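Several structures are given next for inspection.
What follows is chain A paired twice: with chain B in the first complex and chain C in the second.
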Partner chain A sequence: MNINAHKGMAIMGIKVATRYRWEVVAAVAATPLALVIYYYLWKSIYAHTGQALIRGFTFEELVSYYVLSMIVGFFTWSEMDKWIEHDIIKGDLVKNLIKPFGYISSCFSFELGLNAYNILTQMIPVFIIGFLFFKLPIAPLMVFLGFALSLFFAFLLYFGLAFLLGLAAFWMKKITGLRRARRIIVAFFGGSFIPLAFFPPWLQEISAYLPFQYIRSVPILLYQQRIAIGHSLLAQAAWVVVLYTLIYIVSRKAMRKAAVVGL
Partner chain B sequence: MKYPKLARAMFAIRLSNAFAYKANFIAICLAKIIGDLVGPLVAIFIYANTQGIPGWSFEQFLLFQGTFIIIMGLTTNIAIDIFWNVHIAVEFGNLDKYLLKPYNSWLYLLSISVNWEGLAEILLGTALVTYSAIKLNIPLSINIFLYFILIFTALVFMTSIYTLISAGSIIAVKNEALNNLFQRFLDFARYPADVYGTGVQFVITFLFPLAISATFPAQTLLHGTTIKGLATMILPTIAFFIISLAAWSYSLRKYSSAGG
Partner chain C sequence: MNIIDVKNLRKTFTTVKRGQGLKEAIKSFLRPETTTKEALNNVNFTIKEGEIVGLIGPNGAGKSTCLKILCGLLWPDSGEATILGMQPWKNRVKYVQHIGAVFGQKTTLFWDLPPLDSFHLSKDLYAIPAAEFEERKQILIKLLEAEDIAKQPTRELSLGERMRCEVIQALLHNPKLVFLDEPTIGLDLISKEKLHEFILDLNKKQKTTFIITTHDMQDIEKLCKRIIIINHGTIIYDGPLEAIKKKYFTDKHIDITFSEQVKTFSHKGCKVLTKTPYKIQLELDTRTTPIQTLISHLLKQYDVADITVSDPPIEEIIKKIYRE
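Let's turn to the complex of A and B:
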């Protein structure tokens, strides 16, 4: 494996990220806004319900949940399907295929570069905002390490899902609708809008068989020490194996399908 | 009548373009519906596990959500793409081609910015509002007329916002960050204004009247309003609309045609 080539792709990812630095500023500026909304919404619901504990969450724990949800969201974000769709439509795929490493690994290095930038500019500021204004507890070292590893697995899963969906562009060309649906489905079944504990039991059961909770909910619950570290990491690793096997199969078919003429 | 005619023609063209990729067209419609179902689903989960949002029964909150979805659908159909059209034109130095036409530039851009993607949202929102209104036994009264007036006002507010952001694009060339920031501000409108503290309520009622984007129309349909109440809801939007048109004119005077 050519490490220098991957380093080059990662640096390119960082450069692309810095091109959109005002987006980053907007995202960081908007984070407290989103948290203020959840804070007031749940404050009024807890006061109205008159219970300190709802579905196993105190008010403070639920606010922390949303802070962590944003942190996980910033780290695991991937728009790989958009880049693949772009490559197909513009006919740029061939440029990536002739690079001295596999398509998926070049994409992965590129996204890793983007996310390294996100850690510095988005994740860390949100952590600080969470600690200072929303009483985000500091987890013990072992839990924090488990959380970091879980985050990495979550990134692998989200990237894999986005890549797999991006491969649909080899057949459909335009996948704008699928991309939008992917974002919403992952956020919903991942527990970004509301913790999965609030879902009715039948929906919780369905979501247990889907990979989405391992992208958002599991790292959050792990940080909050609601689930066992070892079991969670194993389940995430198993999903990574399943997903990347699927990617291997579909990408072989996709490459045979590729015409590389653009639209 | 030339602007509605232009808008109709553009609507038909964009729909034909979308039909060129049928699977993508279906996926976009489904994604819109799935996205808009999230709000009502979260509402169901909240009300199933808690006493809900104070002052809003489940059906009332569904009516609120339906109203928000209708307004977002109308905004998608009419207002959002003015920003993207201006943004792209300014970036490539092409805005001149719009300015040279024998039309009012703002009305022309608004007319060619119509988009079909909000239709699915409007249908879903209407279904939700109708269902809730039947469940709540909302009688036929002046409130229904006022509800439509306030939905129109909300659309004017949203159009003003996108006009303001577009004006920002003309001056700053790249302005997606401001649009993204507004999208986050818009999240305040997803829940009734009375859940927020008084400071936030004041801001979203008078300074940045986001409450018009669901809270006011829904409250008026449910409980009616007074002339003073109506003025409180409509006047800040009118002020905002005037400011946005002034900003548009100012930005055109500053336009350099240089691209970026």
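Let's turn to the complex of A and C:
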């Protein structure tokens, strides 16, 4: 494995991420806005029901859940399917294939670079905003390390998912519908809209067998110390193995397809 | 020693045929009608180290397909190719390390970033030692006059500017074998000449092998001693350029603009292609009438404003070869 090649692609990712600087400003500014909306929405719900605890969450805990949800969302984010779709429709895949670097490896390092940039410009600012204005608790060091590792697994899962969808473009060419579904499903079954504890039991049952909660919900709950660290990380790792085995199988077929059909 | 050895290469494509209009679009959506097109049909050739070979042919002849297969990007249906001792499509990642490629129609640079950033990525991808990389980068940038354009985002560059950067990108890792697919599109005359000189120099000093596809006869004449002409996926000529020039480039196209009205014109060895009162286009057979004879005749007899002598387009030569 060529470490320099990975480093090079990651740096390209960071460079591409910095190209439009107003986009960053807008993203950082929009986040607190979303948090304020969630804050007042839940404030009125708690006031209306008159309960201090809904589905095991106090109001403060629920607010910090949303802060964490944003933080997790910044890092576990990938639009790889969009990049792949674009390259296939425009016939730009040549640009990747003419270079001496495996396709998924180069995509992965590139995306890691993009997201490393998000850590600096979005994740850390929102962490600080959370601590200062939304009473986000500071987790013990062990929990924090577990959270970081869980976040990395979550990134592997989201990237894998987006990459796998991107591979569908080798057959379907345009995958806009699939991409839209990916966003909504991950947000819903991942627990970004509302915590999974708010689902009816049968829906919770279904989501337990899906990988999406390991992308969003698990790192958040891990930080809030609602679930065991070791067990969560193991489950995430298992899904990583499953997903990447699938990618290995499909990507070989896809690359073969591209090489035979000629995109 | 043969650097490229291609045997019985075949490739067919299946594409969806679709007519014009809304009705056709719906029909094609419901039941796509496919056609198969033979892009390469039993292609054989060998290329020695240090050669510069021109691969020419009309649009859709299979040049680019052939080049893509040789670059390891496309798998042929059948046939073999041994290049630098490897099968290009069998082990792409390892193979492309040793080649350079420019696809005039596609970009290998990052669209949103300045070419300079893409160059530095090459350093990491091809594991080029830092000192060697800097030196080569400086030489290439200076030769192709890309100091300023390499710092602008690729998307802001004109076609010619981008092409110069593409060439730099393809040569940074000092490949033994370079594929150039229409490398001179969009280049102005000066840049084109610079690129020609540069290719010849590299070929002489480092024995770099070049395979070039182009529609520009200037490229061919300046660079290639040997050409391969391909049409409908088959090689119809493979040999020295000189031989084909002697045989087929005996005809010249001559465009004449007169300062006076000329009603009729005829001369030995000339065929009038088009004619307006002030302009005539001739096809001259230089075997019967040398160019000098015709031009001196013209200058003596008529009030000539302008004369342009050019080679007939490559398509016509191919047509001729094909007819035989």
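Here is the rule we use: the second predicted complex is superposed on the first by the 258 of 263 C-alpha atoms of A that agree within 3 Å, B and C clash if a C-alpha of one lies under 4 Å from a C-alpha of the other, contacts with A are read in each partner's own complex, and residues count from 1 in each chain.
In this section, a contact is a pair of C-beta atoms (placed from the backbone, for glycine too) under 8 Å apart; a residue touches a chain by one contact, two chains touch by 3 or more.
As the structure is a computational prediction, the values presented were derived from the model and not from experiment.
Undergrad: Return the chain, chain B or chain C, that is in touch with more residues of chain A.
TA: Between chain B and chain C, B touches the greater number of residues in chain A.
Undergrad: Go through the superposed model and pick first if A:Ile98 touches only chain B, second if only chain C, both, or neither.
TA: After superposition on chain A, A:Ile98 lies in contact with chain C alone.
Undergrad: Taking the stated contact definition, name every residue in chain A that is touched by chain B in one complex and by chain C in the other, in rising order.
TA: none
Undergrad: So in the complex, the part of chain A that touches chain B is made up of which residues?
TA: Residues 20, 22-23, 25-27, 29-30, 33-34, 36-37, 40-41, 44-51, 54-55, 172-178, 180-181, 184-185, 187-188, 193-194, 198-200 of chain A touch chain B in their complex.
Undergrad: For chain A, which residues count as touching chain C in their complex?
TA: It is residues 2, 4-5, 7-9, 11-12, 15-16, 19, 91-92, 94-95, 97-102, 256, 259-262 of chain A that touch chain C.
Undergrad: In the complex formed with chain A, which residues of chain C make contact?
TA: So the residues of chain C in touch with chain A come to 13-14, 65, 68, 71-75, 89, 92-94, 96-97, 101, 103, 106-110, 112-113, 117-118, 120-121, 123-127, 153.
Undergrad: If you look only at chain B, which of its residues touch chain A in the complex?
TA: 21, 23-32, 34-35, 38, 41-42, 45-46, 48-54, 174, 176-178, 180-181, 184-185, 187-188, 190-191, 195-197, 200
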